[in-house]
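Labels for the chains are A, B, C and D, by order of writing; each one numbers its residues from 1.
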Amino acid sequence: MPKLRTLDQALEGLTDGMTLMIGGFLAVGSPETLVDEVIRRGVRDLTLIVNDTAMPDRGYGRLFANGQVSTLICCYMGMNPTAIAQKDEGKLAVELCPQGSLAERIRAGGAGLGGILTPTGVGTIAEEGKIKLELEGHTYLLELPLRADIALLRAHVADRAGNLVYRKSARNFNPLMAMAADYVVAEASEIRDIGGIDPDHVMTPGIFVDAVVGVS
Amino acid sequence: MPKLRTLDQALEGLTDGMTLMIGGFLAVGSPETLVDEVIRRGVRDLTLIVNDTAMPDRGYGRLFANGQVSTLICCYMGMNPTAIAQKDEGKLAVELCPQGSLAERIRAGGAGLGGILTPTGVGTIAEEGKIKLELEGHTYLLELPLRADIALLRAHVADRAGNLVYRKSARNFNPLMAMAADYVVAEASEIRDIGGIDPDHVMTPGIFVDAVVGVS
Amino acid sequence: MAAIEPRELIVRRVAQELKSGQVVNVGIGLPTFVVNHLAHDVNIILHSENGFVGMGDPPEPGREDPDLVNAGGQPSSIKPGGAFFDSATSFAIVRGGHVDVTILGGLQVDQDGNLANWAVPGRIIGMGGAMDLVVGAKRVIVAMEHRTKDGRSKVVRKCTLPLTATAEVDLLVTELCVIEFTPEGAVLREIAPDVTIGEVLAATEARLYIPDEVGVMTVV
Amino acid sequence: MAAIEPRELIVRRVAQELKSGQVVNVGIGLPTFVVNHLAHDVNIILHSENGFVGMGDPPEPGREDPDLVNAGGQPSSIKPGGAFFDSATSFAIVRGGHVDVTILGGLQVDQDGNLANWAVPGRIIGMGGAMDLVVGAKRVIVAMEHRTKDGRSKVVRKCTLPLTATAEVDLLVTELCVIEFTPEGAVLREIAPDVTIGEVLAATEARLYIPDEVGVMTVV
């Protein structure tokens, strides 16, 4: 099942109102080319699940200035004044979630779990609206799984079977999001033939990935 | 912090009544040399957390014939008649747990989670004694975290900082158990100096590992 | 059509259910043989729950790798494009719906799609990964003989053996028939070439719905 | 002892708390500078929550790697023996108690060891990884100035700003004092060389326990 696609083919299913997960941490490990295509297509009313809002001119951060995002789930907005302003003006609905809980929620979405119990956020505003459980003297918040219609990933190397290898700290949320969306696209700067990645070095198995786009 | 130890040093803290996690799947990826040392030390009344009971003469399976195990948490005993006989005679207390739930429970123990919700086992005897939650029309079992006093792992390559690389299907439960015990020992057939493993290829970061033993 | 050995009929018929590109997990026993009967142009990706996808054929004698076995502990191989991972990821794949089809053996299947396939009274030695697979896979196919060795129906009204999962079986293939489990009940879709609907019903304790058209199991 | 700049006193004093082999996470701002003041024979392992352990010094200009940054997005490096991982593993490390010490800045710390360090009214832009770090790390050290710019105490009776976590702070180091949080309450352990206990108390809204012996913050 060769999965190499053109940029246009890879995102032809993208429509208004979809929920997107986009990999990256302050725009590092973020699929810049796939985000370009989201901008080119001009889809609106997106729900974004991201670690952070990056910067107004970098990574998925650009989608805010372009007015494409109506709902945001993330853990940090501090480097994107545009997104903050949209939140303050009531144009952007925001759910803030502690970073570790966000990672587990996305993982749970991909792993078929109904949720996870975490001590993080107990006694803070992060517990608002969440079920609390007492177990053996400890209090936990029940954090629910997150899933998306489409996940956009940035890999370093991909093969034509969709296997992905990430590089250094550009890995971050990419492998988690790869498991938690109905349709998964990865851009990669190096495309290899099937068999070109040692099966022990694969970080995201190709079975999670629907399309691969080569980028320069 | 060089972590290379002799076999004797590595397990000097092992005492009667401890809970051990031991990596492996039907004895593949199982630390045979560390198990040899557990046998040599003759400690008793162990609680074993393992995927399965292996075979009577292989891997952690040998600990049953040697009468060292009093409690067992695993998902499958089918290849070890000795362990089954001990269970049937009431000499071995057994908690059976679905394999995927077992993996998540060990992971939760290492990740500081209070538990995970899984649909696995609902309506079966695996739900006995467990909290059930209904969320958005689905029923889940709350599976609680597992931790051990000591984890015994089998790696392919280790460096002196404790970083581990596993090989092929010998990986299995080893990386999960590496995170879920107070004291973690790994045996490895190849020991490298610090810097000898590409940080992108590390499967278990050395911060989880207390001691490394070289084996032939 | 010449007579075909019952177990071979089952595995050949199940093989027809698989499509190229699907991620498939096959249980120990009868299901293992399904992959030997795929059409030439059907390429599936086998998931092995001990930690890899892209499982290939067993290696030739002398070429076994002690670190590469299948979920039954037997020597295995990996195809180009495969990947290894740990047990948590392996069952994230299973539970998360990333396995398209699982094919399992059965001790009992009942008319509500409940499956019992891991334990008999007095011998409860572990469910392994079966409970996760049956709950998590997108499609659950049970491949089993229709009756026990002493002639009792394994297609029952209500499972009496310990369950593996409730209402998860999508398709049951035996040497007598193919049964689909739908929200309306267990539907008889096909019968074996050499039996009648009456013979199937006589061998079946479960209540089956008989649609206007019942096909004939055809294997090549 | 010559006068020392307040913020430098804080980071030098905090540096004394770290021991060789410890896994340490340092927050953005003041805590970042702690690692510059470790004794020569103290080798710690820095955890960077964006996905690695073994964080090294910032690279020289021109040697930056766009794929290797710290949790503040600034160019970073990795030492031999370090390892990269994904965000779930990174926070498994944090939440699972595999970080020995976290050093964070603070907006308010109260006498019950509650910490507020991520939000002020009208500017709630995200907690990042702080809530996980404060709950998960074995030891939580807050490094902050004792008072706000307009002179109000940040060491309060009860935090009024949104909390990061409850009762998790173990040690607070300011330019005026070192406070340890114990089950019995907030204990004044040390005061700065150039202040009196009375001056510390005057600058502190929280109720502090004054033990018989209060040390003097000594930095070299």
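Operating definition for what follows: a contact is a pair of C-beta atoms (placed from the backbone, for glycine too) under 8 Å apart; a residue touches a chain by one contact, two chains touch by 3 or more.
These numbers come from a predicted model, not from an experiment.
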Query - Steps needed, at minimum, to go from subunit C to subunit D via contacts - result: 2
Query raised in the report: Which chain's centre, taken as the mean of its Cα atoms, is farthest from the centre of subunit A?
Result: C
Query - Intercentroid distance (Cα basis), subunit C paired with subunit A, Å - result: 35
Query raised in the report: Any idea how many Å lie between the Cα centroids of subunit A and subunit B?
Result: 32
Report task. Just give me the whole-number Å value for how far the CA centre of subunit B lies from that of subunit C. Result -> 30
Query raised in the report: Hey, what residues on subunit D touch two or more of the other chains?
Result: 52, 78, 84-85, 88, 91-92, 94-95, 135-136
Report task. Scan subunit A for residues touching two or more other chains and write them down. Result -> 104, 107, 111-113, 118-119, 167-168, 199-200
Query raised in the report: Classify the inter-chain contact topology: is it line, ring, star, complete, or other?
Result: other
**Report entry** Which pairs of chains touch, using the document's own definition
**Finding:** A-B, A-C, A-D, B-C, B-D
**Report entry** Of all residues in subunit D, those that touch subunit B in their complex
**Finding:** 20-21, 23, 43, 45, 47, 52-54, 78, 80-85, 88-89, 91-98, 135-136
Report summary line: The subunit D residues in contact with subunit A across the complex are 48-52, 65-69, 71-73, 76, 78, 84-88, 90-92, 94-95, 114, 124-132, 135-136, 162-166
Query raised in the report: Which bits of subunit B are touching subunit C when the two form their complex?
Result: 25-29, 51-52, 74-79, 84, 96, 98-104, 106-107, 118-126, 156, 167-176, 203
Query raised in the report: Of all residues in subunit B, which touch subunit D in the complex?
Result: 1, 107, 109-113, 159-161, 163, 179, 194-195, 199-200, 202, 205-208
Query - Residue numbers on subunit A that touch subunit B, as the complex places them - result: 104, 108, 111-119, 133, 135, 138, 140, 142, 144, 165-168, 199-201
